[in-house]
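What follows are several structures.
In what comes next, subunit A is part of two complexes: it sits with subunit B in the first one and with subunit C in the second one.
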Partner chain A sequence: MATTTDHNSSEGPLARWTQSAIQNPEKVYRALFYVAMAFFLVTTLFPFYWLLVLAVTPSGNLLAGSFLPEINLFGVSTTFPLPVPKGFNPQAFITVFEQVPFHLYMLNSFALAVTTTVIVIVVASLAGYVFGRLRFPGRAFLMLGILAVSYFPPAAFVIPLFQAFAGNAPITLPFTEIPLFTPPRLLNTPGSMVLPFSALFMPLSIFILTTFYGQIPDGLEDAARVEGTTRLGALFRVIMPLSAPGVATAAVLTFIAVYNEYFFSSIMATSTEAARWSPIVGGILSYQTQYTTQFNLMAAASIVGVLPVVILVIVAQERIVSGLTSGALKE
Partner chain B sequence: MAKLKLDNVTKRYDDQGDVVTAVDDMNLDIDHGEFICFVGPSGCGKSTTMETIAGLTIPTEGTIHIGDRDVTNLPPKDRGIAMVFQNIALFPHMDVYDNISFGLRLRDYPTDEIDRRVEHAADIVQLEGMLGRMPEEMSGGQRQRVAIARAIVREPDVFLMDEPLANLDAKLKVHMRTELQRLHKELDTTIIYVTHDQEEAMTLSDRIAVLNSGSLQQIAPPLTCYNEPDNLFVAGFIGSPSMNFVEGTVEGDSIVTKNFSLDYDPSTADGIAAGDEVTIGIRPEDIYPSALRDEVSDPSELIDARTDILEPMGDEIFAYMLLGEGETSMSQEQATNDQLLMSIDPDSDIDEDEQLQVVIDRSKVHLFDTATGEAITHSLEAAWNSEGVTESEAESDD
Partner chain C sequence: MSTETGRESRRSGVLVDAMRWMENLSDTQYAYLLLVPVFILLGVVALYPLLRTFELSLYASSLDLAGRSFVGIDNYVQLFTGGKNRFLPGGTTFIPSSLSLTALLNSALVVTIIFAVVSVAFETVIGLGQALILDQDFTGRKWVRAAIIIPWAVPIVIQGMIFFLMFNSNVGFATPPLADLGLLAPTNTLNDTASATFIIIVADIWKTSAFMALLILAGLQSIDRGLYDVAKVAGASKWQQFRLITFPLILPTIGVAVLFRSVQAMRVYGIIDTVSSCSVVPSLSCMVVATFNTREGTAAAIAFVTAAIIGAAVMGLILWQGEDAI
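Right, the complex of A and B next:
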């Protein structure tokens, strides 16, 4: 019988590979890791490549012909599987700023994101301190309530907020005609965007900071208070610096979310003008008119718009990693 | 001159409906420059008392004065105190210099003043040349010294130390203990020191405050606590190994216990009458083998015993002895009445499971009221006609 002899030789390559995979599962994990990595890299990076291809293709060539060129490989004619620019027009990255004041849109988004992040981090720090470090009745219930805010789709808030920020009529008590106050007109100002952004992105930051602040040993806060800080001082001088990775995470998430936000800003800014605090997406849409759509400029603008976030994430990531590896919490 | 005064300080916690009294009606009067140890078992309220002094906890009732100021409701930073924590609590994100100068920088001291003080403090705790290090690069003892430097640099009125040596190894602990004493001499500041280690308390302090279940049991110099404990708790807590306790009843001029009786002169001990339930307390070093009977100042009758376990310590041997029907594995109650611990000379010829007779130094016997635990007397005298009285003592009694 063949099975009594060396069975490796009697089996096919697949069986042999399976056998070695069972004996050495590390091999499989590594293979799976590379497959997953490749999948993520392709799905995240391909859109950027596609944008780049579009951006440098001269506008005249955009709609003519295919982005997948025919190539002749050793006499066999085939289609190249990756899109390739049809022509080379880096000028588009400059035209972007000439046709529309795109830098102003970027500035709008950046200013909105920074303001929101600062507000969120400061307020969420206070809340995180309370939820993470103090014990009081109803704490879990309150935390749940705050998290519930983020369960609602933002669209649910848009109409009442638009009415309120329009500042035309006083806010009334629900189900009555009793006026409470008339809000100032905030449409087309950063206020109408920063306020809802802060409220919507606050719960996540509170949750992150609660976890981090709760882990700082009580002794450190006590020490800071004995040394001469107030509770607030201890929060900002000791607890926050020691929770740097958490603060950075909350800040980066908030910044990116607001920087990319379009839904609220498109409504709170009544037209896509930079002067009305329209954000980056508003700027990109400005390359589209009733009759023309300049896809190459839109692609170029998208790439330019993404750059600040890329830089931020790279910088913040270093900070997060250094914060995690320094083992800051050892007393 | 900063005195520290606690008046009726009480701290209650509401623990899910149950009221827990952590500190119960604490009254303390501490003089400037005193070294006071709060000592007691875990959960006795010593740390909570410390926290009320520090201002980290506000007492439910009572007032706290530092100097002439009522600081009961002041935040910690305004009390003129500094504290060294059990877990050291250095700020891990700051180097040694920043850690030590933290309090001074918060108070906006000029830079050269900060430099001068930090260097002086580092000098006192022998940390020169380490000011640039991060806490994580230092050993436990060095970190502890940084914590102490951080406390002394502000020149506080009162120093609070919450088990500062608890996390150090035994050798370093003894070293730091002497350092602390040196420091106390040098600084001439009031120091409140919390510990559960009675040995630390004995060696360090001017006065020991013994706490149990949130209330003050006794505050007195270490030797007073040792020689004249106010009650059973203090007697059992101070001294290592702890005092032997034997329950008995007063019958005429002797105290009868389960396994032996002790004659005494009733006229020398006030406050007891026939029929009273009392507890005899004897320190291990006040029990002697019968061979040494003549060297004991006021020996009792011979007591039959059997050695159980011997613990040679080098400079002495702890001999656990069983009385009467005592068994090796005994309940706590039996251990109280059927077991005696004797501390004897290391050269003694003694074996385990050996029948022997011992005597008690009557003049060192403590007597406590069993019901209340209060001390009745700290020394008994032989009855005039007791057989235990030696001739010489009979003469001196004349």
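Right, the complex of A and C next:
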């Protein structure tokens, strides 16, 4: 511990520290370690501090003067290297909900994320069971196909999907004029977002669940089947509960992915009205377009919008780490 | 047995029949039956749009389906020869018009590749640093790890808002010091192509280094600790341990992570849309979004070129890693 405190004090202790460091290189590594850790902590957390500074600055003071105050350090006038709030007024955290119904946008995001997560978990469980526990011809090929889908950019899907969800013309079989059916108009409804989200984020869950379901001993499934459970019953009553950590991992990652998604969220909700299912993307952007000078509101809305995922990361970090490392490396 | 018959009798006859039919399927039949929902979902939302995008890219841009005309690969040819540039927003070209920095950054193809290469390179180095920190045992490790992961979980729109507010000409405090260093344009920063590209790369590095760190950390933790004990006994310094043990053993992990991240980085759109605009930083996805309502043939061709570049990178990964990649 002494290494870090001694680091930037006067000449004497520094010389002594250098002496002992030469004799003991371990100390240098320790010091380097703490410096690097502090650097990473500051760089990752600083942007949130900046949001807070902006959010509590009263709107009248936003454009006056600099956020980097001039300070007098031992008689020398210098610029303080950290932005500090110009005044203090937490009113912005209430105003964000009054000017734009930000809680409704968040509710939309939650509804979309939960629906997608449920669909993904059910469908990916079936696929995870198949890939994790059954041997059949075509298994490797199918897994490769699902993997390939997850690599394609959303831009490669968006044009036909947008046209289909607009519901103006019947869907035709690709490369022919044979009409199949006319889809209902899905733009500005949850369907137009949940469908692409599910396809986009399903592969990761399939790979996570394949790993977890594959680890359940065959004996447990056999025992359940001898007891008279059906094949599907064994999956949902035995294998899935035993793999609860894996299911939780896939669910948390899917939820965060949907909550964070931008591409389809901004395109499939053609207006930024909360009543037309626009998620937080629309909410935050409407501050940027409608209230161009109310930077404190943009910052406050961003803080409110980021809180759910921050809490999720702190509560479920073990799951996130294991999911990203087991699933994403495979992907 | 009595409970079993009791439960069965409460079910309708059709359901019992369906269950019995399912019980009697072979493993292969059962596997494909369970995969039907995946096939339907991916077929509707991935396979159909992909084929359709390719089809659209072969037709002249017209939203009137009855009057569209087949033009073959003309959309692609015009894209690469500059004939489509007039449909792209701002002064964007698809292929750079010259080799000057301005021309390169105004090219949708090149700016996307520059973004992917530069941001992934920095993310790899920073992610490796973060992973080496998280691999140590120290008190409060859990909290440091949470702090490092949080940017990864921040919604793209909020990530964009953070950097918009940091470099905005009215309240952004970060522009003057960086402009003094010559890194950014002092005025109109977010509408200057080079400055906006720089800021977007920084924003991406801030958000995604953590993801890199977690992938590399998994590689680090799979290293046999005994190797370090041997190295210590042999008198190897920490640096030698890193250079001769750690680095060679995590190199394959880093390779997979780099390719995986590059594929993701090629899709960049949301951060550009929030911080700056698609006419200032013209990524490939940006161009698809900007043109698909009016020029669907052009948009489809750009989308398919994007997919093809990513596809080539993935094929490279699979060939290089073999079966391990799956």
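The rule is simple: the second predicted complex is superposed on the first by the 269 of 331 C-alpha atoms of A that agree within 3 Å, B and C clash if a C-alpha of one lies under 4 Å from a C-alpha of the other, contacts with A are read in each partner's own complex, and residues count from 1 in each chain.
As a working rule, a residue touches a chain if its C-beta (ideal position, glycine included) is under 8 Å from a C-beta of that chain, and two chains touch if they have at least 3 such contacts.
In this text, all values refer to a predicted model and were calculated from it rather than measured experimentally.
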{"item": "Touched partner set for A:Thr230, first subunit B, second subunit C, both or neither", "value": "both"}
{"item": "Touching partner for A:Leu242 - first (subunit B), second (subunit C), both, neither", "value": "first"}
{"item": "Superposition-derived comparison: subunit B or subunit C, residues of subunit A touched", "value": "C"}
{"item": "Subunit B versus subunit C as contact partner of A:Asp222, first or second or both or neither", "value": "first"}
{"item": "First, second, both or neither for A:Ile311, with subunit B first and subunit C second", "value": "neither"}
{"item": "Set of subunit A residues, in rising order, touched by both subunit B and subunit C", "value": "228, 230, 326, 328-331"}
{"item": "Residues of subunit C defined as touching subunit A within the complex", "value": "4, 19, 22-23, 27-28, 30-32, 34-35, 37-38, 41-42, 44-56, 65, 126, 129-130, 133, 136, 142, 144-151, 153-158, 161-166, 168, 170-171, 173, 206, 210-211, 214-215, 217-218, 237-238, 253, 256-257, 260, 263, 266-267, 269-271, 273-274, 284-285, 288-289, 292, 296, 299-300, 302-304, 306-307, 310-311, 314, 318, 326"}
{"item": "Contacting residues of subunit B [partner subunit A, same complex]", "value": "54-56, 75-77, 81-83, 85-93, 102-103, 106-107, 136, 150, 154, 160"}
{"item": "Interfacial residue positions of subunit A with respect to subunit C in the complex", "value": "25, 29, 33, 36-37, 40-41, 43-45, 47-48, 50-51, 54, 62-63, 66-68, 83, 122-124, 126-127, 129-130, 134-137, 139-140, 142-144, 146-149, 151-162, 164, 169, 171, 174-175, 195-196, 198-200, 202, 206, 228, 230-232, 256, 259-263, 266-267, 280-281, 284-285, 288, 293, 295, 298-299, 301-302, 305-306, 309-310, 312-314, 317, 320-321, 324-326, 328-331"}
{"item": "Complex interface listing, subunit A residues touching subunit B", "value": "217, 219-220, 222-230, 233, 238, 241-242, 326-331"}
